[in-house]
C-alpha cells in the first residue's frame, strides 16, 4: 500500500510509537494524531487493538466520527465499510469495491499498559524493536503513570531526557538537589541506538523524593542514569544508597529507594509531542496512596520540564538562525543529535518524502 | 471602477450572493465579509438596501465603525462622507474631493427575505440570474429559515448538496434512512448551470421527519432531488407518497409531505462559508409551532453536515496532495466540479486577479 | 558582541524605547518582548535598572524563568549565571566559561517614571537622544499615566499621533469637537527628527474635557500641536484660552487648561505596539481625583484610537496592495513616512539584517 499521501514531516518512522494507554482503547473509536497523521484506534471483539489511518479513502471523512459494526468501521459520510485490515468491504450503492478503497493499517503492539503503533514499513514491524523492561509486572515493583501533551518537538524533549544535569535547577522540589551541581556526566553508547548519560553523586543529602519516601539516616550516594533509545524511548534509573556503599548492581537492586521512570514520546506534529510515562519503584509496591502521590509528583516534575521546553521552542521559532553555545553537560545531547541525524539520513537518503516506509536503517534487534 | 485592490481568491464573482437576511439590514451599519471583501450593508430611508466596500478609500477604516448621516455614511476616522453610490461627497478640511475617493457599490437585490449582493461586474447584474422560486410566499406553503457559518469551503459544501446518498448515514434522525442505502442516484443537467441528482426510494418506511409531521398508514415512495445552480445556490426537493402512487408532478404537488429546502452559500473567505437557508413545506403553513420545530430540526441536520465538512477540510489541508477515491454516488460531484472549473476558467482565463469583474462566462438568463 | 541572531524585523533600532514603567522593574524578573526580541528587566541592588537579552546563550531558556542571586541571574535550565553586563560568570559542571556564553546587555535609562532601553549599537546610546520634558516633575503640573498594547504597527500609530484632524471624529466625547472639522493643519519640521502638525481653532465652544475641568465663560481659542519625534515619541500640546486672547507662548503658559500628552511607542513585534503614555496638566496638580479621572478618560480616548487602528491593520493585511487615497490632512503623515524611510535606509542601507546596530543615521543630539 502506498502512503505517500500523508504529508508527514521528517519524522523517524521505523519504530513503535506509543499511541494511547490500554484503557483508552476499547469498544469506542479513538482519534489521535501521530506524526501528523490521523490515526483511529479501537479494539476488536477478540481484544486485539487496531490502528487505521483515520481518513476515508473516498472523501477524507474521519472514520472515528463513524460507528463500529462488529469489527468493521462504517464511514460517517457515505457508509463505506472497512475491515480491521483497512480494506474496504462495501460501498453502498455499488456492487464492487474500488481497489484504491483502503486505508493504511498500522501494526500494533500492546505492552506495558500502552498501545504502540508501528509508523514505518509494516514488513519491518517486530516486537523485538520495543524496549524490554524486566521489572514491569514483577512482584515488589510499584507502578505509577501519566500522559501529557508538550508544545515542544521531540528533539528538545530528548535533549532533556539525556541530561541528568538539569535536575539540580529544574527539579529541586522532587528529584534534584544542589549537591549534583558540579558532578560531571559520562555519556556512553549501549548497543546501536541507546545512549546513556549518568553519574554518581556521593556523600550528599538525599533529594526531596527520597526524603519523603525512604528517609535515610545520613548522607547517601545516589545514581542518575539517563537513557534514550532512538527514536522515542527514554528511561531514567535513579536511586540512593547509604553513603560509602559499594556501587554494584546487587547493591542497587537492594537499595532502599530505586525508581526507573520510562517515557514514550510520540510526535503529534512538528510542534507537539505526546509524553506517555510510567515509573517503576522498588518499594511500597501495592500502596495506592504512594502510587497516587507518585502520579502527582511526577506530573509536577514533568510540568517543570514542559514549561521550560515550551519556552525554548518559542525562542527557537523566533530566532531560527541562532546557534546554541555548547557546554560540558551537553556531551550526551550532541551525540544523540548525531545519532538521530544518521537514522534520518538512513530513512530518507534523498530528503524526499516519497514512500518513507520503504527506507529503513538497520534496526538490529 | 477598478476593484483590483481587493485581493480576492479564485471565487466565482458573476453571481448574486446572499449577504444577510432582510431583517439584519436596517438603519444600522452591518459589516460582513463576503468573498474575502469587507462589505457594509444598510438600508436607505427609501427602504432600499445598499452594499458598499467597507473600507474608506483614505486610510482603510471600516465605514461600518462610523455613522449614518441620512443616506450617507461618515467615516469614523476623518469624517469623509460617502453617498449610497459609493462616491465621496465631502472631505473635511478641503474644498474638493479627490477623484479616487470612492468605494465600490455592489448591486443589491432583495428577495425571499434575503439581501443579495452582486460580487462581479455591476454592468452584468441582472435579477434574472437569481433563482426563481414559484412557491415562495404562496398560500399553503409554510416557511422556516436559518443562517450558519461553516468552517468549510464552498466546493465541499456543494459536494454535500448535490449528493442524496449521504443522508442515509449523516441524517438518520431527520431526513435519511437505511432504506435508501443502495438506491442509485441519477445526475442530469437542467439548463447551463444547474445540475440535479435524484432518486426515488420506493416501498419503504417513511423517514423520521415524515413520521413526525405526516405519519403515513404504510410504506411510502419517497423522492430526493438535489439541485445545485452554480455558483452558490442549492435546493433539495423531498417528499413522500403512499407506496405505489404514480410518480407524476401532479401527485408530488398533492403529496402529504413535501419540503423544498433552499441553501444560499456565500464564501466568507477561502476557509469559511455563510450558509443561508430556508425551507418551504406544503403543510401546516401557518402553524408557528411546526415552524419552530422545523427551524430546530434543520439546524440540527445542517450541523451534522457542518461537523463532517469541517473535519474533511482539516484533512484536505493536512494532506494537500491526497486524491479522493471516487465511488458511484459521486457522479454529480465530479460533474459539478467540472462545471465550476469551466466557469472559473471563463471568469479568469489567465489565472490573474486583475479586474476580475471584467471577465464573465455567458450567464444565459 | 554580535547580535545578528535576533531575527528582528526592519525596526529602527538607534533609539531609546520605553520598556516598562519604573514600578514594574524591581527585585523580580520582568520579561517583555521589544522589537521582537525577548528582554529581561530587573533592578540591581543599587537601584539601577538592567536589561538583558532574555535567552540563555546555551539552550535559549528565558532567564526570566530563572532566579536572581544578588545582582546576577541564574538560568532556570542548567544554572548558568550571568552578571548584569550579560557575561556568563559560571557554568556548573565545568571550570571555564566559553567566550560565547554571554547575552546582550541593552543600555538603560530611567526617566519620567519609565525605563528606556537602547535597542541599537550600545556605543551610540546617549541620554541626549531622549526627549527633554521641561514640565515633568515641576510644581504646578499634575501627572496621569497609562500603558496599553495595541494590535497595530508603529507606523499606523504614528500616523494617528501626527494628525490633529482625527480628533473631531474619533474623540468627540473628550478632546475633539465639530468646530475643528474644517480648520486646516500646518506641518513643520523642528530639528532633524521632529515633525509638528498643528492648528488653532478659534472662537468655538470648548471641547468636553475643558468643559469638565476648566469650564470657560464663553467661546475659546484652542490649540492642538501634535509632535512626533522619530522613531517612537509623540507629544500633543493642547489648551484653550478665552476667545480673542493673544496666541503667545506666555498666554499659553497661563491658559486655564493646558495638557501635554506624551506617548512612548515600542513595537512588541511587527503586529503589536506598546503604548506608554502620560499627561502633564497645568491645573489641579495634586488632586488625586482629577488624576484618576484623567487616567480613565485618556484610557478611553486611546481605546477609541486602538479600535480604529486595529481595524485598519486588519484591512491592510487583507488587501496588501491597496494604496491609500491621500487627503489634505495627510500632510504630516506623508512627510513623517518619508522621514522614517530615510532613517531606515540610513540604518539598513543594503536591506540586510546583518549587524544592524553597526549602522546608524546621524542622530545629532
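Going in written order, the chains are labelled A, B and C, and every chain counts its residues from 1.
The rule is short, and it goes like this: a contact is a pair of C-beta atoms (placed from the backbone, for glycine too) under 8 Å apart; a residue touches a chain by one contact, two chains touch by 3 or more.
Remember, predicted model here, so these are calculated numbers, not experimental data.
Visitor: Validating interface symmetry: for the copies subunit A and subunit B, is the fraction of residue numbers used by both over half? Same or different.
Guide: Mostly different residues: under half of the interface numbers shared.
Visitor: How many degrees of rotation map subunit A onto its copy subunit C on CA atoms, rounded to the nearest 5?
Guide: Best-fit rotation on C-alpha atoms: 120 degrees.
Visitor: For subunit A and subunit B, what's the span in angstrom between their mean Cα positions?
Guide: Whole-Å distance between the two chain centres: 48.
Visitor: Which residues of subunit C are in contact with two or more other chains?
Guide: none
Visitor: Could you pull out which subunit C residues touch subunit A in their complex?
Guide: Interface residues on subunit C, with respect to subunit A: 4-7, 36, 38, 55, 57-62, 65-66, 74-80, 91-94, 98, 100-101.
Visitor: Quick one: which bits of subunit C touch subunit B in the complex? Just the residue numbers, please.
Guide: Those in contact with subunit B are residues 159, 165-166, 168-170, 181-185, 307-308, 311-312, 315-316, 318-330.
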